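Naming follows writing order (A, B and C), and every chain is counted from residue 1.
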Amino acid sequence: MITFDEIKKSFMVCLWFMFLTFPIMVIRVNTVSNVIEWRWERLFIVGIGSFILSFIWRFALKKTQGDTKKAESEQSGHASFGQRVLKEPKIYIPAITIFAVFAILFPFIFSMYQINIMTTALIYVVIALGLNIVVGLAGLLDLGYVAFYAVGAYTYALLNYHFGINFWLVLPIGAAMGALFGIILGFPVLRLRGDYLAIVTLGFGEIIRLIMENWNEFSFGPSGIANIPKPGFFGVQFSLQSSAVYLYFLMIVMTIITVFVVTRLENSRIGRAWIALREDEIACQAMGIDIRKTKLTAFALGATWAGMGGVIFAAKTTFINPASFTFWESVIILCVVVLGGMGSIMGVILGAMTLILLPEYLRVFSEYRLLIFGAVLVLMMVFRPGGIVSNVRRKYKFQEHEG
Amino acid sequence: MEYFLELFLGGLTRGSIYALIALGYTMVYGIIQLINFAHGEIYMIGAFTALIIASVLTVAGFNQIAIILIAAMVAIIYSSAYGYTVEKIAYKPLRHAPRLSALISAIGMSLFLQNYVLLAQTSDFLPFPSLIPEFEFIKPYSHIIRSSEIVIFIVTAIVMVLLTFLIKFTKIGKAMRATAQDREMAMLTGVDVNRVISVTFIVGSGTAAIGGVLIASHIGQINFYIGFLAGLKAFIAAVLGGIGSIPGAVLGSLILGCTESFFTGYVSSDYEDVFAFLFLVTVLIFRPAGILGRSDTEKV
Amino acid sequence: MKKHLGSLFINAITFIAVTFLVGTFFYSCTAQDEPAADKTAKVLEPIRIGVAGSHSGDLASFGIPAKRAAELVVAKRNAMAGINGRKIELVVEDDVCKPEIATNTATKLVTDKVHVVLGHICSGATKAALGIYKAENIVVMSPSATNPALTQSGDYPNFFRTIASDDEQARLEVDFALNTLKLKKIAVLHDKGDYGKGLAEYAKSFLEDDPRAQLVLYEGITPGAVDYSAVVQKIKRSRAQAVIFGGYHPEASKIITQMRKRGMKTIFISDDGVKDDTFIKVAGKYAEGAYATGPQDTSSNPLTIEATQAHKERYGEDFGAFFLNSYSATLALINALEKSCSTDYDDIVNALRTEYVATPVGIIRFDERGDAIGVGFSVYQVINGVYVEVK
């Protein structure tokens, strides 16, 4: 199975990587202490590693591309085996029940640390579902989504600091603020296409962050706002352990509501308008859909979830500052949506779980965490560009009758 | 008046550096419609490679001119090699995939390269020797302009000329233009699209490396994270000028650099980035495809 | 068979995800079983010190030296039979200087049952995490979190630090500029970060309150930017006699280099984050004459010399930011644990407040609010490429 040709190719790859990584891997320079360290053993590790990996890489790539080609040539209206299985009520209902039971028992089995990160993952699920509306359904590439998240968080922090308004009252206010800013962002970008839209939204995200960072009188700048209270239960404040559990259940409820609302939106008129917008903007206009309204609604609704997520985030972390709302956050949320499979809700949930829980579980690797994370992103995209759960477009096929 | 001139020169310096990086962004985008997030990291790798080679050569006792030239050459070669490899691993398999997947792959690559350099080298800020010699005739004017800035201007101008020459008058340049216009048609007329894409990446990465070496010399220190902000600004500059257009990238970069400089000088440096973005949005409202960008007429 | 490979992949992913979750179930179960352990076994149980800080990401260069300091101190101590016969175990967790990750880090450390925490590095992250430690009665000592509110607000009785707060440093710098150097026109610059801006804000208010001084410029610079000539030109135009810079050494060295290259003779005064040999190495000859505040009298302190050597031996390079502060904090924590003979919160706090401990930053103990007493701060100047204390 392994031909001489392949061995030769892998050998060339091996030599190439040894050459490529030679300066940075082998020669370690520190001009502060004027030290140059030559680490030749790394050269061999790179060589051997790349030799083996190139075989695996080529094999995996061939298989992925073979699968894609087959999927294209086959009747792609059929959902994959896994998805069909999931839709069967016989499997579907018990699976949901097991998950529900697990979700409810989760905080009582696991430690506070686990509850905490699961709550974070759920917050990301909610906001990623919001971004899913903008990017996945409406096809508008938004690289500054974190701005709405920041707006929600600062709304709670500031309203609470100045007026003492409690969490539950701020939650709808945060959602409304998010929607408002979504519309503000939406207006200038109505005329823009594709990557120009992306860069402007990126700019918007940065503008919000920079204003928060520099306008000290308003937002307390980089020192942030501390002592933000966690949500109470009819005025009762919880202890640390209990409030972690409380927040967790809050997020579970939020997630269920969000999934419900987003599914209904997806199947509604506005949802179909978004999908039409994504597929072909000009055809969409030709069919009589009001592009402006559709785009603005997408931004506004998407931002609403981010606003709410921001309020909950502020309550959970009890301290916010602009450093939590950088461009990288937008990138992570975008990765969740794309990795999970754009447009598919199940995919977004899985994506959020993977992307948020993975770095925490990779803490074992400490220094190599981000390196592995970056590599995982690349690998997942190369081998599964549609995301974990690719979205299946509902196709109506004309059935040929026999005879 | 002198103040204005100084700010203007500072803006041009910034703009030139952005231009060297923006060229790579715009060329890659023109050819495969991908925002190459890892490009900033290629710039950073160029700077690091130059530092490593320069250190080794200094210990070996070469003279300064030789060190600059060899280090720069090696940095360019290595950056181009990295650009080529990144394309083959992270972008080529995704050529027929949805655009967002390629974008995420680019982001992953960027993260990977940052941490690769961090782990293989150090997280410290490393001083970069000033490889550019101090010219004697500049000394009297050193309060307005310094030799490193002059070198940056000259090198950027030369690179611009060379690149335009490459694109306009060589066969591979023609192939690049053809592929950028319509990839399928180019393939049908016999252009080796894979080779063209690789060459684009190589050339783009090479210019970024030059930028890396120059700015590292000018500022005097490097760190594994420098690619991020520089890359972001350069990307904005490329979009401002019209992404896909090479003169646009240069124009956008110079305008961005000067705008930032003047805003800092006359208003406040706190909001300099806010202003840069607002400026971009305003320009895009009036010219949705950037200053020199062509709005692609879409055939329905 | 082949048709189902794609879907098998999905199922595989789900399976892996579930396995992960189940795996952690077992992991955390065993962690929770600990309290039921035998009392006699407890004597030999290691003392766990949590080390939280930015060990990756863009602020890694400020967190990694602190981690190394803890490692060096603990390694040496363990070689000498630990604390009262108990070995010290370091639980190192990264928080990337982000508040939300810091809360995860804090809950992880709490779950791992650490007895005390060395960290965090950034004031923001520390603020976010302190609530969790406070609720669990865990002593926290930071080598670098300088926000004054952390000790002065009284909200965090479990917090201690081995570094001066922003307002103290700003006071020292302003007094030095006005009283010693007798300057009038001063520009204040910062790096828009938590540490730098906090200090700059105090410097600004002190200057504004003082009739002798004139604040001619107050600007922030973006770290990592490609060029700073615009801000430097602005400083030149303002005719400031001195620049007080709040921030870290990378930006400081860039600013001072650009200023000196333009022939500007503006005096440069900065803070603890700049009093670092890296500043001198990076800025080279341009660093000459720059002032920076830092802990008193460190270079002749035998503990400093020992710490420097240990770092060089193990890591092959000179130490980075906050190394000595972290070294001191670790020594202080270990000393308190030893002197109090217990891991109980109240005993440790009491020991910290009453017992003196010899550290590279001085012989210190801590006051009611958590600041270190006995840490003198003075102004240093770069003379002939070395920081020399200004008497």
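Methods note: a contact is a pair of C-beta atoms (placed from the backbone, for glycine too) under 8 Å apart; a residue touches a chain by one contact, two chains touch by 3 or more.
A quick note: this is a predicted structure, and the numbers were derived from the prediction, not measured.
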| said: Comparing the two chain pairs, does B-C have more C-beta contacts than A-B, or is it the other way round? | reply: A-B
| Chain occupying the middle, per Cα centroid | A
| request: State, to the nearest whole Å, the distance from the C-alpha centre of subunit A to the C-alpha centre of subunit C. | output: 32
| When the C-alpha atoms of subunit A and subunit B are each averaged to a single point, how far apart are the two points in Å? | 28
| query | So what's the Cα centroid distance for subunit B and subunit C, whole Å? | reply | 35
| field | Junction residues of subunit C - those touching two or more other chains | value | 56, 192, 220, 278, 281-282, 317
| task | Note the residues in subunit A that touch 2 or more other chains, in rising order. | result | 30-32, 214, 367, 370
| Tell me, which residues of subunit B touch at least two other chains? | 115, 122, 124, 126-127, 270, 273
| Parts of subunit C lying in touch with subunit B, wherever the complex brings them together | 56, 58, 60-61, 64, 192, 219-222, 224-227, 229-231, 233-234, 237, 249-250, 253-254, 257, 261-264, 278, 281-284, 317, 320
| task | Could you please specify the touching residues of subunit C with respect to subunit A in the complex? | result | 3-11, 13-14, 17, 20, 24-25, 28, 31-32, 55-57, 92-94, 97-100, 103-104, 107-108, 110-111, 123-124, 127-128, 131-132, 135-136, 147, 149, 155, 192-194, 197-198, 201, 220, 277-278, 281-282, 316-318
| request: Note which residues of subunit A are touching subunit B in the complex, please. | output: 16-17, 19-21, 23-25, 27-32, 36, 61, 64-65, 68, 135, 141, 188, 191-193, 195-196, 198-200, 203-204, 206-207, 210-211, 214, 282-283, 286, 327, 331, 334-335, 338-339, 342, 367-368, 370-371, 373-382, 385-387
| message | Quick check on the complex: what are the subunit B residues that touch subunit C? | response | 3, 6-7, 9-11, 13-14, 17-18, 115, 118, 122-127, 142-143, 146, 215, 218-221, 223, 225-226, 228-230, 233, 257, 260-262, 264-265, 268-270, 272-273
| Of all residues in subunit B, those that touch subunit A in their complex | 29, 33, 35, 45, 48-49, 51-53, 55-56, 59, 74, 78, 81-82, 85, 89-90, 93-94, 96-98, 100-105, 107-117, 119-122, 124, 126-129, 232, 235-236, 239, 243, 270-271, 273-274, 277-278, 280-281, 284-285, 288-290, 298, 300
